[in-house]
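Some structures to go through are shown next.
Okay, so subunit A shows up in both of these, paired with subunit B first and subunit C after.
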Partner chain A sequence: MIQKFFWGLYEMFLGRPIPANFTNDYREVVFPNTGLLLIIITLAIVLIYYYVLNRMMSTGLYKTQHWVMFLVLNAIIAFIIPVVQVNANGIDTHSYTFMFAFLNVIYSLVLFFLFSILLKRGSVQAWTTPVKWPNKK
Partner chain B sequence: MAKLFVFGIGGTGSRVIRSLVMLMAAGVKIQNCDKIVPIIIDPDTQNGDMNRTVELLKTYKQIHDSLGRRDDGFFHTDISTLSSIAGDGNAKIRDSFVYDFGGINKPFKDHVGYNQLDIDSQSLIDLLFTPENLNNSLDVGFRGSPNVGSVVLNEIIDSPEMRFFASNFQAGDRIFFVSSIFGGTGAAGFPLLLKNFKDSRTGLPNAASLNSALTGAMVVLPYFSLEQPAAGVEADFIDSNTFTTKAKDALSYYQHHLNGVNAVYYMGDTPDKPMENNPGRASQKNDAHLVELLSALAIVDFMDYSDNELGGNEVYHEFGLREDVSHVQFSHLDTETRDRIATQLIRFHYFERYFTKHLPDDAQAAYAKSVDLGSAVRNDQSFKELSKFLTHPEFGYQAWLRELGRKERTFAALDLNETDFNRMVSDKQIETGFLNKGIHQGAFVKELNRASESISDREPFKATIKAFEVATERLVEEKLKYS
Partner chain C sequence: MLPNTKFYSIHIALIGLLLTLAGCYTKQSAEEERDPDIAVPPQGRSSAEAPAEPTELQEPSTVHVNVYLEISNGMKGFMPPVVAGKAGTEFQERMNRLVSEVQDGRYVDRKAFYLAKEDAQGKPVLDSVSYNVIKKYIANGIRDDVRGTPLPEMLRAALQQSLDHEAVAVIISDFIHGPSDQGQFLSLDSDIRGALREAERQGLVVAVLGDLSAFHGTYHPAVKKPEVRRILKGEQIPFYTWVIGKQPDVQVVINRVFRDLPQQQAYFGFAYKTTPFSALLKSGNFKPAGIVYCSSRNADPCTSVNLQPQPDEQVEFTVGIDLSTLPANMQRVAYLKQHLKVMGNGCRAAMVSVIATDEGIRATPDLARYTHFVRVQVTQLTANSGSVYIQLPHVYPAWVEKWSTENDNNPIKEPGRTYQLTKIMDGVQALYRDQSDHIFNVSVQFNKAD
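Up next, the complex of A and B:
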């Protein structure tokens, strides 16, 4: 179920994995691992940003540029994860690998924004970052 | 709805009210009344001291009205003009903080009809008044001559303003006079008004309430001197060498004739560097003085007493510092006085410093973004009034504090030139270290954001002032640990 969800998510834009002989490796290991790691790491970074740095610690990192810094950090991690996953599973590196990594970056941006919108309400210092919407207080 | 009517008589009256407004802006509580009605009495309509106090009062009133009725906090005390206390908008007097003398711009001689008097009466007048008294135009005030003031001011009792005041005076309202004893307007005006208010046969409405009203007075003894022109130089000036003599004469009069006042406060100081000698008009704009700030505290003290406490024998108060020092800090004030004003003034000072210096950098902070503060500060009239109150070069808080630091005996409790919040309070500085940066912009934003979380009001001006009230309270309690 989870495997199907993630392979559908990536293959929707990338098509079948290349080289084709590694299709099963991608579908059963690489896509699910990458997707799960993406969700967990993005959630962790958002939680750290809003609840540790801007609630517990009040570090002053509440501005939009600070939020963008964490968004970029998450995107870099999102690019590295697929490359590491592919290599760790003995799969030959191909341009498909980098397309996959690039798509993961796009997903990381979307996910980071979504988690921010959902979770920022609980932050004291950054509940209006990156935008005040939808909270009104 | 008990009211306190504060009669600020003459230049000193205006200057003390200026300090009182600063205390009220800081949130110093005036007990036992819901509203303060300042009435400035000064025939010199161009007087610089008076006009800047009036501007300050108007600005304060607009800020207070924007914030609405509250029990505490910055600008919470309600200040009204005399005409607005009726509440029905039907007052037939000018809506002003100043008593309207109707433009008396003729010499005293013409005012009393000297030339129409018979020769015996003219001789009597010549005995009581000097040629200068008779020839001086009254629109400059009484130039330190209470004998002139007592004649002119006696007429104001029958004025529409005084009748309106008396008509709207209710049981439970209180009266407080602020005047100097060594000048002209104040020295003459205070006993004269008191006599008329306490006269059981007065023709004023509500005579019974006025007669029994709890009444206090701040009598300011000499505390400054004026530059004297060089010998032989013809100049229009007030002779400050007569201040002490006039004060003694007036005190002697008060001793025997001052009836009906429940509490009298005396305040004075050794005059320091002589001030510029301006007998009146716009040029009479003396720097704020510590004595005026401490005199304003008399009003706070008077209102702290309950009706029962004031109902007994007359009480007389004098003020003393713990030490005879040139640079007065909060620690030099008695504990009672210090408790009354120190934390409030520190909080207001932090607020002013942050609002004027750091607020523009906070556009992205949650407390600012939540109410679109940047746009509100640019467009909202309330923020413009607040900015005027804090920074106006003539009457603003900064100017007031700066002036208080110019004398030989200065109010040095708060340092306007210090940019580090940890060093702004002279008698309590915050020790900082690697892990403790004390009060800095980041700590301030953090408290403002935290405060704004619990504020439900989304109106930008109200929300911002409330956030600063909460934030400064926490900073003073937790970081400065001032007690």
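Up next, the complex of A and C:
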């Protein structure tokens, strides 16, 4: 079920895995691993940014530029994970691998933004980062 | 300063998280799956096929062999007395090696040697002799005066005795039929079939090896006109070695005891029901083309694939097959190229190439198990699932036609022919006609890739 979800999520834009003989490795291992890690790590970074750095501690990292720094950090991790996953499973590297990593970066940006919007209201210093919307105070 | 140190410690925490999570869907390696110590429920292959394998494939380490040498007058020319300084005939050399391998070779357990002749009533007699006696016959020639032995009777008697002894029958003869009643020529095929009926009933197989040897002496043709007999001085006359027994035993005899076989070979009743094979989809040596992947990620061997040929990209992949138990001449690439068939059920499939293993391929452990590699092409699917078959059909050996003649009266003009050999072989062929059509049949299941 989870495998099917991530398989669809990535193949929606990437098409069938190439080289095709590693289709099962992508679908059963690499896509679900990458997708799950993407969600967990993005959520963790968002939580750390809003709740640890800007609530439990007062680090002064509440500006949008700081938020962007964490967004980029998450994107870098999101690029590295697929490449590592592909190599760790003995799959021949192909330009598909990098398209996949690139798509994962885009998903990481979207997800980071989404989590930020959902969770920023609980932050003390950064509840308006990156934008004030939808919170009103 | 404080924010910065926090920042780095978060970094470290993140990397730690990444490392712990990296293993959530790890690839299970093929080695792990093969490991017998791991208590995983047996997969389809190991539970279903494992019990069948030993009976089918494992050759016994030793076999019992009965050797029958026909010693009618017609055989005398193959065995002229050997004199120093003059080489023996091919027949003598080959037979000497054969009986020596049977006597002293490590693959033969119980052995017995017989001289096949007929008594005054025309009944076949099988004289049990020692190794030294049969060796003497081969080297010094036949002194006895024995008229032509009727073929079917000799085969029947030798077969029955070998069945009783649970031994492989090795029958050496020129197979020139010499019946007392000429009418028997008409029914030669059905008589041969009748004589060997018990072999088929008991699940035995027949291998026929044809060879040529110089012939020095009186030649007794089957067709008695114009000459009843001729004196030959080294013309090439065929002789045959028939091997009858259980398939694994016969394999041991022809592959290990005889070793160098003549080019002319014919096999009847041979079938290999469990030929080890695997679609090779992740091997660096044989890269597949098009959309094809193993249905199960870790299957080893991979016997089921998912595929989807595209109009502009056909599917091609390689199947490794272990044919090491097949008779040697069937393992030749030229033979396989000519006779191997790739057929699809639910798809259009064809064979691209077939190669034998070599040093480079054997260096890859996963490929060392297979002796041959068949490249298969699938151009179109006609159903969502089906099979790709790789089959080796029973082929009537072409040499039989060439070695057969309707008139063997003049071997000087037409050397290397045997009277009505086709008819003799037809008789054996008819015996096994209703058995499986293929020597082996490998089927790779497929599903349309989703």
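Basically, the second predicted complex is superposed on the first by the 137 of 137 C-alpha atoms of A that agree within 3 Å, B and C clash if a C-alpha of one lies under 4 Å from a C-alpha of the other, contacts with A are read in each partner's own complex, and residues count from 1 in each chain.
In this text, a residue touches a chain if its C-beta (ideal position, glycine included) is under 8 Å from a C-beta of that chain, and two chains touch if they have at least 3 such contacts.
None of the values given here were measured: they were computed from a predicted structure.
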Aligned on subunit A, subunit B and subunit C: do they clash or fit? fit
Determine how wide the angle is at the CA centre of subunit A between the CA centres of subunit C and subunit B, giving a multiple of 10 degrees. 170
In the superposed arrangement, does A:Ile77 touch subunit B (first), subunit C (second), both or neither? second
Thinking of the overlay built on chain A, is A:Leu53 touched by subunit B (first), by subunit C (second), by both, or by neither? second
First (subunit B), second (subunit C), both or neither: which does A:Ala20 touch? second
Could you look at A:Ile39 and tell me whether it touches subunit B, subunit C, both or neither (first, second, both, neither)? neither
Looking at the overlay, what does A:Trp127 touch: subunit B (first), subunit C (second), both, or neither? first
Kindly classify A:Ile117 by the partners it touches after superposition: subunit B alone (first), subunit C alone (second), both, or neither? neither
First (subunit B), second (subunit C), both or neither: which does A:Leu109 touch? neither
Give one of first, second, both or neither to describe whether A:Lys63 is in contact with subunit B, with subunit C, with both, or with none. first
Return the chain, subunit B or subunit C, that is in touch with more residues of subunit A. C
In whole Å, how close do subunit B and subunit C get at the C-alpha level once superposed? 7
Shared contact residues on subunit A for subunit B and subunit C? 59-60
Subunit C contact footprint on subunit A (complex, rising order): 16, 19-25, 28-29, 32-33, 36-37, 40-41, 44-45, 48, 52-53, 57, 59-61, 77, 81, 84-85, 88-90
Subunit A partner contacts - residues on subunit C that touch it in the complex: 2-3, 6-7, 10, 14, 17-18, 21-22, 24-27, 281-282, 287-288, 290-297, 306, 317, 449
Help me check something: in the complex, which residues belonging to subunit B touch subunit A? 364-366, 369-370, 442, 445-446, 449-450, 452-453, 458
Residue ranges of subunit A in contact with subunit B within the complex: 58-60, 62-64, 123-129, 132, 136-137
